[in-house]
Amino acid sequence: MSEHATSSRKFYVGIGMSLLVLTSVTVFAAFVNLGPFNPVVALLIATIKATLVVLFFMHVKGASEKLTAAVLVSGFFFLAILLSLALADYLTRAWR
Amino acid sequence: MADSHATTLEPEAHNPALLHHFADAQQQKNAASLGMWLFLVTEIMFFGGMFCAYLVYRLAHFNAFAAASQQLSIKLGAFNTAVLLVSSLTVVLAVKAAEAGNRKQLVTYLVITVLLGLTFLVVKGFEYAEKFERHHVPGPTFSFTDTFDDGSQKIPVNPNEAQLYFSLYFAMTGMHALHMIIGCGLFTVLAVFAWKGHYSPGYFTPIENAGLYWHLVDIIWIYLFPLLYLISRHR
Amino acid sequence: MSEEMTNHGQSGHGTGFEREDLSSRGVFVFMIGLAITGLVIYFIIVGMYSFLDKYERSQMTTASPLVATSGAASRVVTKDYIEKQFKDNGAPMLEDNERGQFSDFLMRQEKHLNSYGWVDENAGVAYIPIERAMELTVQRGLPVLPQGGATDAAGAASKAPATKAPVKR
Amino acid sequence: MASAAIPANQTPKTNYLTNGYGLKSWLLTTDHKRIAVLYLISVTVFFFLGGFFAMLIRLELLTPQGDLMQADSYNKVFTMHGMIMVFFFLIPVVPAVLGNFLVPIMIGAKDLAFPRINLLSWYLYIIAGTLFLHCMLIGGVDTGWTFYTPYSTVGSNTNVVEAGLAVFIAGFSSIFTGLNFIVTIHRMRAPGLTWDRLPLFIWANYATSIIMVLGTPVVAITIVLVAVERLFHLGIFDPKLGGDPLLFQHLFWFYSHPAVYIMILPSMGVVSELITCFSRKRIFGYKFIALSSVAIAVLGFLVWAHHMFVAGISLYAAMIFSFLTFFIGVPSAIKVFNWTATLYRGSISYATPMLYAFGFIGLFTIGGLTGLFLATLGIDVHVTDTYFVVAHFHYVMVGGVLMGYLGGMHFWWPKISGRMYPEGWAKLSALLVFVGFNLTFFPQFILGYVGMPRRYWQYPDEFQVLNVLSTAGSSVLAVGYLLPMIYFLWSLRYGPIAEANPWNAAGLEWQTTSPPPTFNFDETPVVTWEAYNYDEIAPKELEAPVGR
Amino acid sequence: MSKYLPLWPDQASTMAGQVDALYIYLLLVAGVMTGLIYIAVTVLAIKYRRKPGQDAHQIEGSTILEITWSIIPFGVMLTFFIWGAVLYFKERTPPADSTEVYVVAKQWMWKVEHMEGQREINQLHVPTGQDIKLIMTSQDVIHSFFIPAFRIKQDVLPGRYTTAWFKATKPGRYHLFCAEYCGTNHSGMGGDIVVMEPQEYAVWMAGGPSAPLPETGKQLFASLGCSTCHRFDVQGRGPNLQGVYNKPVLLEDGRTVIADENYVRESILNPTAKIVSGFKPVMPTFQGIVSDEQLNALVAYVKSLNQPPTGTAGLQQPAAAPAQPQNTQVQ
């Protein structure tokens, strides 16, 4: 992976700051009544934060290794299989 | 875990030479990196089992989960989140220092990372202690009397279901804390090795891979924080 | 998964290992395809479910024309339904915790036998502890004719179920 | 010409077996071939232990009354039979023995990508096995291999936590093996060995490794949650707290259904190698067989709740999972049909490995088709948790996986040991295994449909005749399994010395010596030919069939 | 079918014939497929066996063939799926006019309660021609209610209610099994389903003709599940009751009492009142389950156990036999 030029320190600190800002946004948003969208917003922000970490801190963006993205996405894909098919049972239990 | 540790030992510690079964350094490095990412995928699935349980029970017992979640301290949770995010930043800077061959900076950042990790664990310890005091630890002594406020009236919640929430809370944060402890140990060892000058701009794979592990533990917390601490807080 | 068919044959000479690898694009395309297939299956089965459900309910015959209900009974039984059947139709209550429920029953009887309370407040009928009722009975003698306050005691005593006494033939 | 690369029949000075003799040279080795041999020994021990428990099961079921042992003992016996056979034998057997030995050689690498993690895998396996043996000696477990809650958390007073810990550790052994294979296959192939030239055994192990890496962590955390519930009252599956025992089943089968494909896929890979070699044919439909392995691995994750059709899942979920289960049948069918088509216009010899391959096709077909019976909702309600299921999975596991494994062991034994096995005895034992197997497990299909439930220590009188047949068959089977054990050991001393390529087979593993040197090849091979180029390799002797 | 070599289960409900029809269809398709593959492998293996001077003929493959043998089996499997799903829908959709019967499972017995108040243990009496809907729950672990002759099975879960239904068609006595592993006596957690003609059923409901007391008691001892714990051959979970009557019994708290008639009664109605030394208080209460007559019969049977035994209480379920109306209900 040595081809990827690590970015400047300023850039990393910037990403770190935006992560902290997003954290406070999450806490703030939790106290605003968004009806059913509260968990959606919380998860959306968490996903944005996770994506920032993956792309810039874990150097997936700009890596010479093309397979890492596929590997990571596969992990989340199979997790999604577990959750969605489990819900296919739990959400339809009450169907008469 | 043991895997990344073994990976760090993969190249002879004092002699960053190529292992006999690889053709060149690039191949070795790519192999180690791919192996680490696969290990991270197993970690995702490992926590995924608990996320699945969380999702199912949150849907089934929402009121109890909300009421129980509101017993957690957002202050401590948010503080810990910030601590972890900053530690991720220091890890990245450590990797950068390693790539630049700056030994002093590398060691400094690794030590800061470990200290931040320990800070997280200490805060978590205080949170756990508070659970014990308030009988929020699942088991025979568990008691829960708070109610869920749905905006119009206070609905009493079934303490058993609240106990289910705290069971998940302890399982998920406990497993996460275990990973943090392993990570702290790992970085301590790496800091010692770095101090002894094992790493060079040509060879710092262990730092990189341990960093990947730490970031993943961070990402898991990024999800745990809103899911455990911020259920229906606007009421 | 798809492969890039480059770099065949001799091109890898001397490099020590094969460089060509699976493209991650193939992996993504595969996953997206699987997700779409999954969604399609979801809707196919939803359609099939609703069709079969309607069909089954229309097939249900009633035992006699006098029975008003038609269609199917519910597949899902909840605690509420069990309690409703228990209250309305005298159905048995399923004991999910036999020992606990039985000792609760004994405790309730015990409490009833050793405390004061109303049987019928409007009529002024109360129950009193069994020991006290015995004392009163001994003091006042058995009522030959209804005499004011003693009825309560006698009523309570005769109401109290005998738990401990062996069953007589 | 590939055959040009085959060295003349001469043994080099050292091979991987003669490179160091002390115990230390084995226990601290990082040579994938030695680790494979370590696995071979330990896995065989567990197989005979599991087989011993199987014989106890069959003896107890000889009569309707429970007379050989107490009910509790019987429950422990079938539990430990199942756990040993699944977690300590069948999941590791083909990947960790044949896979470990062959994956690096077949792709022309010197070793796996992480040799030390490979050794760590074996040690984890041994630690897990030792824990399980200890758990057995202090009283065993009686939850069934499926650990169903709430029996495993509340009901059982046996050593569930220790058995769970053993399975957990064995799981990590499996994860590291899979991780190692994936990285090796991606990163360590010889020059010219592109993905469309890989042997099908490699494709099969690659697909298996995907399942190991993605599935095993889920069962690991599930077992941790069960242990934590037993130890610290964290009641995640406790119905008294509003928990759902079915959630345990969902999480358990999310791994354990894909796990059955962990077992079968490598064996299917072995069969692909055997069929091509002994019919001297290029495989029919290479690409379809290769991709069907990956398809099975991925689709295997979508069907787990077919084990829960009567467990209380919703009607809709049952339909979804039944429908998805039938999708798995298609790639399996593709494999069976392609193997059959490969025979067409071949030049087929009946050496022992080929007999096992025929056995695999025959028994896996029956086992797979009865799997489809079970996936059919209306039938499963009647036959689930009866001996029909027991017969189904023994047909695929014993008739399928074990047949493939034995075929592979005979095929590669010359490469592993440098000696040939006695062909006559081998043919006899293959016959005994086939006959004994059918006699043991075919009656169980009938028993199951007639209504005999699983995990029964005593049963109504009218089921006795079928059970006696089954027990009789199992003793034939025992002889059939003991024979290879004996003649393999015998051949180590007295077997004829094997050449580098006794079968004149294609594939890189036959181009190095038997047994191979420590680093497999003197110089990295360069691959310029397609897989299974049997048109370029002459058969052994055109006059006499191989293996008489 | 033959009594000693059953090849096919009894068909005793409306569902049985339909499940069997699907099963026969599956057997036919599987038989044809297996036959085709076996014949193909055998013929090819013999025809193309290795001969001197004859090489193999290389063939790459054929996409047309691959597609054919993917599509056709998938089409066949779709028929399995659709037919199976339709049947399953029937099996899980109880008719509206069905009679409810309540079932509680516990380690290791089935307790059945009818709407009219009759209670049975390890037995279920039902009339033919009546839709019966079972509402089931468990007190401890997962069990599974399985009647092979009716082709129905449903897991019974703690903390939840599950349902199943059937309509019996043929009078007789059929096996009831527990099909989900539930611990030590899982294989003993069975019983009988007694299917009766409606007239007989009415007689049974009203309390049929009675037998001598100890004889009735012996039957009750088996059908109520006493014999699952009180065994005469091996040590069960409860004490061996042979020769207990009128003898001193050492209790857990150190007292000794004489096992007289009242003691036996109390042991049945409120077992936890006096715990026999060396045993756990696991005996369930039969308060409200046994009627006075049944209690008398049980006591008479326990008394009769003081004579030398004439035979052990059978562990085996009796084989299918014509239904005998039995006196096991509560007035």
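By written order: A, B, C, D and E. Residues from 1 in each chain.
Operating definition for what follows: a residue touches a chain if its C-beta (ideal position, glycine included) is under 8 Å from a C-beta of that chain, and two chains touch if they have at least 3 such contacts.
Just so it is clear, the model here is predicted, and its values are computed rather than measured.
Peer 1: Looking at the contacts, which chains touch chain C and chain E alike?
Peer 2: Per touch definition, common to chain C and chain E: D.
Peer 1: Need the most distant chain from chain C, centre defined as the mean of C-alpha atoms.
Peer 2: The most remote chain is D.
Peer 1: Can you pull out the chain pair that has more C-beta pairs in contact than any other?
Peer 2: Result: the chain pair D-E has the most contacts.
Peer 1: Please indicate the chain closest to the centre of the assembly, with centres calculated from CA atoms only.
Peer 2: D
Peer 1: Specify the chain most distant from chain B by Cα centroid.
Peer 2: Between chain B and the rest, the longest centre separation is with E.
Peer 1: In angstrom, rounded to a whole number, how far apart do the mean CA points of chain A and chain E lie?
Peer 2: 51
Peer 1: Suppose each chain is reduced to the average of its Cα coordinates; what separation in Å results between chain A and chain B?
Peer 2: 15
Peer 1: Using Cα averages as centroids, what's the distance between chain B and chain E in whole Å?
Peer 2: 50
Peer 1: How far is the middle of chain D from the middle of chain E, if each middle is the mean of its Cα atoms, in Å?
Peer 2: 35
Peer 1: Could you tell me which residues belong to chain A and also touch two or more other chains?
Peer 2: 67, 74-75, 78, 82, 86, 88, 90, 93, 95
Peer 1: Could you say which residues in chain C touch two or more other chains, in rising order?
Peer 2: In chain C, residues 15-17, 21-22, 38, 42, 48-49, 74-75 touch at least two other chains, as defined above.
Peer 1: Out of chain B, which residues touch more than one other chain, so two or more?
Peer 2: Expected reply: 23, 27, 30, 34, 38, 41, 45, 48-49, 52, 56, 60.
Peer 1: Using the touch definition up top, name the residues of chain C that touch chain D in the complex.
Peer 2: Its residues touching chain D are 1, 3, 5, 7-18, 20-22, 30, 34, 38, 41-42, 44-46, 48-49, 75.
Peer 1: Which residues of chain C touch chain A once you look at their complex with the stated criterion?
Peer 2: 21-24, 27-28, 31, 35, 38, 42, 49, 74-76
Peer 1: What part of chain D is in contact with chain E in the complex they form?
Peer 2: 64-66, 70-72, 75, 142-144, 148, 150-151, 154-156, 239-240, 242, 245-246, 279-288, 309-312, 315, 318-319, 322-323, 326-327, 329-330, 333-334, 336-338, 340-341, 343-350, 358, 361-362, 365-366, 369-370, 372-373, 375-382, 384-386, 446, 449-451, 453-466, 534-535, 539, 542-543, 545-546
Peer 1: With touch defined as at the start, can you tell me which chain D residues reach chain A in the complex?
Peer 2: So the residues of chain D touching chain A come out as 186, 214, 218, 246-247, 250, 254, 301-302, 304-305, 313-317, 320-321.
Peer 1: Would you tell me which residues of chain D are touching chain C in their complex?
Peer 2: 109, 186-196, 291, 294, 298, 302, 315-316, 319-320, 323-324, 524, 526, 528
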